[in-house]
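In order of appearance the chains are A, B, C and D, and numbering begins at 1 in each one.
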Amino acid sequence: MSAEATPADIQAIVTLVESAGGEAFVSRGVSRVVIGLVGDIEQFATLNLEGMAGVREVTRISARYKLVSREHRRERSVVEVRGVPIGPQTVTLIAGPCAVETPEQTLQAAQMARAAGAALMRGGAYKPRTSPYAFQGLGERGLRILAEVRDEIGMPVVTEVVSTEHVDAVAACADMLQIGTRNMQNFPLLQAVGAAGKPVLLKRGMNATIEEWLMAAEYIAQRGNLDIVLCERGIRTFETATRNTLDISAVPVAQRLSHLPVIVDPSHSGGRRELVLPLSRAAIVAGADGVIVDVHPRPEIALCDGPQALVDEDLHELAGAVADLARYMSRDIAVRPELVAG
Amino acid sequence: MSAEATPADIQAIVTLVESAGGEAFVSRGVSRVVIGLVGDIEQFATLNLEGMAGVREVTRISARYKLVSREHRRERSVVEVRGVPIGPQTVTLIAGPCAVETPEQTLQAAQMARAAGAALMRGGAYKPRTSPYAFQGLGERGLRILAEVRDEIGMPVVTEVVSTEHVDAVAACADMLQIGTRNMQNFPLLQAVGAAGKPVLLKRGMNATIEEWLMAAEYIAQRGNLDIVLCERGIRTFETATRNTLDISAVPVAQRLSHLPVIVDPSHSGGRRELVLPLSRAAIVAGADGVIVDVHPRPEIALCDGPQALVDEDLHELAGAVADLARYMSRDIAVRPELVAG
Amino acid sequence: MSAEATPADIQAIVTLVESAGGEAFVSRGVSRVVIGLVGDIEQFATLNLEGMAGVREVTRISARYKLVSREHRRERSVVEVRGVPIGPQTVTLIAGPCAVETPEQTLQAAQMARAAGAALMRGGAYKPRTSPYAFQGLGERGLRILAEVRDEIGMPVVTEVVSTEHVDAVAACADMLQIGTRNMQNFPLLQAVGAAGKPVLLKRGMNATIEEWLMAAEYIAQRGNLDIVLCERGIRTFETATRNTLDISAVPVAQRLSHLPVIVDPSHSGGRRELVLPLSRAAIVAGADGVIVDVHPRPEIALCDGPQALVDEDLHELAGAVADLARYMSRDIAVRPELVAG
Amino acid sequence: MSAEATPADIQAIVTLVESAGGEAFVSRGVSRVVIGLVGDIEQFATLNLEGMAGVREVTRISARYKLVSREHRRERSVVEVRGVPIGPQTVTLIAGPCAVETPEQTLQAAQMARAAGAALMRGGAYKPRTSPYAFQGLGERGLRILAEVRDEIGMPVVTEVVSTEHVDAVAACADMLQIGTRNMQNFPLLQAVGAAGKPVLLKRGMNATIEEWLMAAEYIAQRGNLDIVLCERGIRTFETATRNTLDISAVPVAQRLSHLPVIVDPSHSGGRRELVLPLSRAAIVAGADGVIVDVHPRPEIALCDGPQALVDEDLHELAGAVADLARYMSRDIAVRPELVAG
């Protein structure tokens, strides 16, 4: 309560809370009074206590997400993408082109990824771009290219979906659906992928708090889909030396609050090729369950984010570091099931 | 170019640019070299110059939006919503409930708005909420309530659309379509409202730069719809004393870069009732073409954002200040056409 | 308490708090427990409750500043600078050069300020500059120039002090001591100006919360000096279109929490001449007790912040707007006492 | 130049630049004109080109720091603190209490640090605190305690200096002078430590860009002291789950721009004990030249930042991880010279 709150103000709160079936505990401080509420939090939320006379602020103690929380499930989860695990026992390397441009470029990038030991392939057919004059992706044609490449090289594919209307088409050809940073709070899209029956890669909004990120995951989980992988990809700050600021702390913090796997995208965080390796190493020893990186056979002609794409030698160096540090973290490198079989 | 750039690096850039039909001017500095490019900017964008050896950074001089820029149209535009103008000669007051809850609450809020002299009515049927456990709006039922209230009191209605699938239904009952802060970069939605044939209220993303905001407007404009009103509603900063930080400078800055009208939402910026009046006054003398505020007959039981909703007396005080300061700015208060007629 | 907190954890807190002479109220929620403490807040602060098992977070209810708070003094204060008031009944215009460069330039700028009706003159002799290669100010020579100009035109002078060693020298020639944004948390300097017996202009740190700003003022107040004027000058955000983001909401928010006067610096907020007028108008109707602006006889050759300096006609237009809007806010324009006398 | 720039505007710039002894290259674009300047950058800085008619923005190509740049010295530097190296061949562990509280607590913390293999000891006698009501450190008494403990256990000491007046006293008892985050732009203090003849640990301002951080180091370097170690300690963002956001990318970025060593403070970044280990691991594989951590024999009674202090077992686990990952990075753990001798 504010310092000016009257006994009548306080009583009014208590009465209102009790009328809503809750209990109110009044604690009188030196210069202020605090009222602790116990009961149905969602019920209290509709009371708009902030609107009552004498109220200074209302703080919610219990979390605003449930299904994705450690309180709901104590053990950290493993999400399987066509048999490829993403979770606490493994480190999963995901690589591919930022955007699908041509069948050749996509196949070459996929071969680079496979040769380096990546378990999953990434590639964008639909590209949300800040400028309407920038390359927007190949759309359905890109999906077909991804499907062909996937079948040819046998790597499960993760690709972004940007509209509820595309969810079925994308789900038909992809093994994992990606929600991009600009769509983290596109709630109808979250609900649609939650109902699509495929694992989801949920990138953190560039201005989202970790709590908001988990609430976005809760939107997906509510539709019955708990196969969600969180992806830290950098947040927006005042620093302009990097494209975004990788919030490395978000990895252990999110893993402590949620049972969902957490991976890192060092390519979009740093926005520069030479930062991908150090940020990937950092991600793994911070406890990330995987990393997702951009690769391109010829970055200098890439239609999207070329400056951050890895070329062949970079990718092999990265894969080596990932393997070494996974071992240090007592984890295995995730591999495609047929390789396990074979 | 970086300090390590070799003459060969520089020549490579010049050759690449010229091969793309452009011209390159090389300026040698004390410790660095700058290369100025002239030609088709979009063409250059596909060259990925950042990827070339020796390149330190690439800065684009001409804007990444065209149709919404002052360069495209020198005079500031007027957007008409069912005859109500929003533009440089007027100050338009938009008021209504944050969310449509019941026919009674919506009608009462609309009557409050009309009585205070608001020209347009706001009200949300679809509410994007951070938590899936918060009130999500009445959806189609809310749209019907809005249509009924609109017909009863004769005020044009602006309401938010959150999904491409709802665009037709919302356009059928609303006079202006609102894109909320979380959807400012939901590009398929921007394109859908661009094609819907109704004026659009485009809220600034809470983490969007002014340039990104104008590029989002460009997505709408590209579909042939230039009836776009920009709405500054506060950005996300480290300051927690207010819900968001109203970027008052964004009003003159956006008006200088774009011919589109710019209004301010003081309710969502400050998040507190007592800030709505001072922030509205500030908005108008900063040059805003209007303000949009939350009102509620009983904020203490509002299902959404009650703490920032104005009640009757607040709204009349606000309307008085708006009228006084509009006069000071040599503007008229925008009124509904039938009132003009009458 | 965290969800994992045991009854023993809870009992340990209660015991510790009671051992410190406080009371602890335990409220059991659905999924969590909250403990409300009552007693000597500073005493509790030394207990490091965050360090105890099972504690999730510790929230302090009462403010961390006292002397500058509205709880300490209900009425808003008036600070007098050589008879010129800064407070709730007036609007005070402060103008002058960003930096003292030459006697001529300083005198001309002061004459511009006086002619336009400014009550106080600003001017920097010590300039904290981000780059060591930028003009650092004239130091003592600048102070002498300020003193001469002050005596010649009879306007009280406010100037910045950047080091405890300079406090006496600056206090000897200035009528008000300015603490710049980079020194807002230079605590020894705050304490030194608190003991210098002159009014203080405390600029908000560009990354300081309003609460931190008030705690900085408390450092000054603790030394017995309550003649403190707060100055909002823009905060650092991701937006790059303006030099800083003017936090206009900070004016009403700070005035509600503290009894100290609050003025605005539109020159350093926007960093561009054409923004000074709209931001100044906004500041005054938001409730600011004054504005402080940069002026320069020839901005194009200014050694510091030329792009934001007003020239003669700008300043007269600004002074006119300030006068009109002060009247609208039922305030008088602050004037120099001799003018009152005359 | 802005789109409205006239040929006369352009000519005016060219003339002004040439009058200042520089050259101006005019490049005409589709919708804009760019003018490239060549000559004495500092000279140009005084021209205030932003103030000229038709100028849209002025971008500086060459860096605003020299002595600390890689262009000035290609090889990364090693800073020696009483024989303990901090640089590219080693990883240096610095540990100690956040604040010196008592001789016993300081000695115990130092013994913990030594036993774990730390090469340097940290400890604060002067504590800049946001609230004037928080523990401010023991001051001179604290310095004496540090000196005694240092002599008893033979570890070089790094401690913070907050005022120019204390520089001599602190330099007399400390082996390395720390500039805290709030003083990164306290330029007189930077100059004073630059002249004190001791190595300096320069923490990054919580709102400072990497470029501003390097310019602050340049202030120290200008006084002839290049024994500067940069310390990334987290920046301020909108995220509240951690005390600050560790900008892990700042390590490789700063090392690329400057030859100075860069270490990381995971304690103040995360603000929580459980984050210190993962953030320290991340720092080392990101290329940090060391880490500095808070330790305390009894964090639950610490007078300052107890929640982030490590206890004995934490510290040993940390030291083990540091050793393992240093080896992975082909570095040695830095040790005290007498140990080398022994």
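Everything below uses one rule, namely that a residue touches a chain if its C-beta (ideal position, glycine included) is under 8 Å from a C-beta of that chain, and two chains touch if they have at least 3 such contacts.
If you want to know which protein each chain is, UniProt gives these names: A, B, C, D = 3-deoxy-7-phosphoheptulonate synthase.
This one's a predicted model, so the numbers in the text were calculated from it and none came from an experiment.
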{"item": "Topological distance between subunit A and subunit C, in contact steps", "value": "1"}
{"item": "Set of chains adjacent to subunit A and to subunit B", "value": "C, D"}
{"item": "Interface with more contacting C-beta pairs, comparing A-D to B-D", "value": "A-D"}
{"item": "Rotation in the CA alignment of subunit C with subunit D, degrees, nearest 5", "value": "180"}
{"item": "Euclidean distance of C-alpha centroids - subunit C vs subunit D, Å", "value": "27"}
{"item": "Chain centre separation (subunit A, subunit D; CA means) in Å", "value": "31"}
{"item": "Inter-chain centre distance, subunit B versus subunit D - centres from mean C-alpha coordinates, in Å", "value": "40"}
{"item": "Junction residues of subunit C, two or more chains touched", "value": "207, 236-238, 240"}
{"item": "Of subunit A, residues touching subunit D in the complex", "value": "207, 209-211, 235, 237-242, 245-253, 256, 269-270, 274-275, 278-279, 281-287, 324-325, 328"}
{"item": "Subunit D residues touching subunit B - in the complex, by the definition given at the top", "value": "3, 25, 27-32, 34, 36-41, 59, 61-63, 71, 236-238, 240"}
{"item": "Parts of subunit C lying in touch with subunit D, wherever the complex brings them together", "value": "42, 45-48, 50-52, 64-66, 128-135, 162-165, 182-183, 185-188, 205-207, 212, 215, 218-219, 222, 236, 273, 299-303, 306-307, 309"}
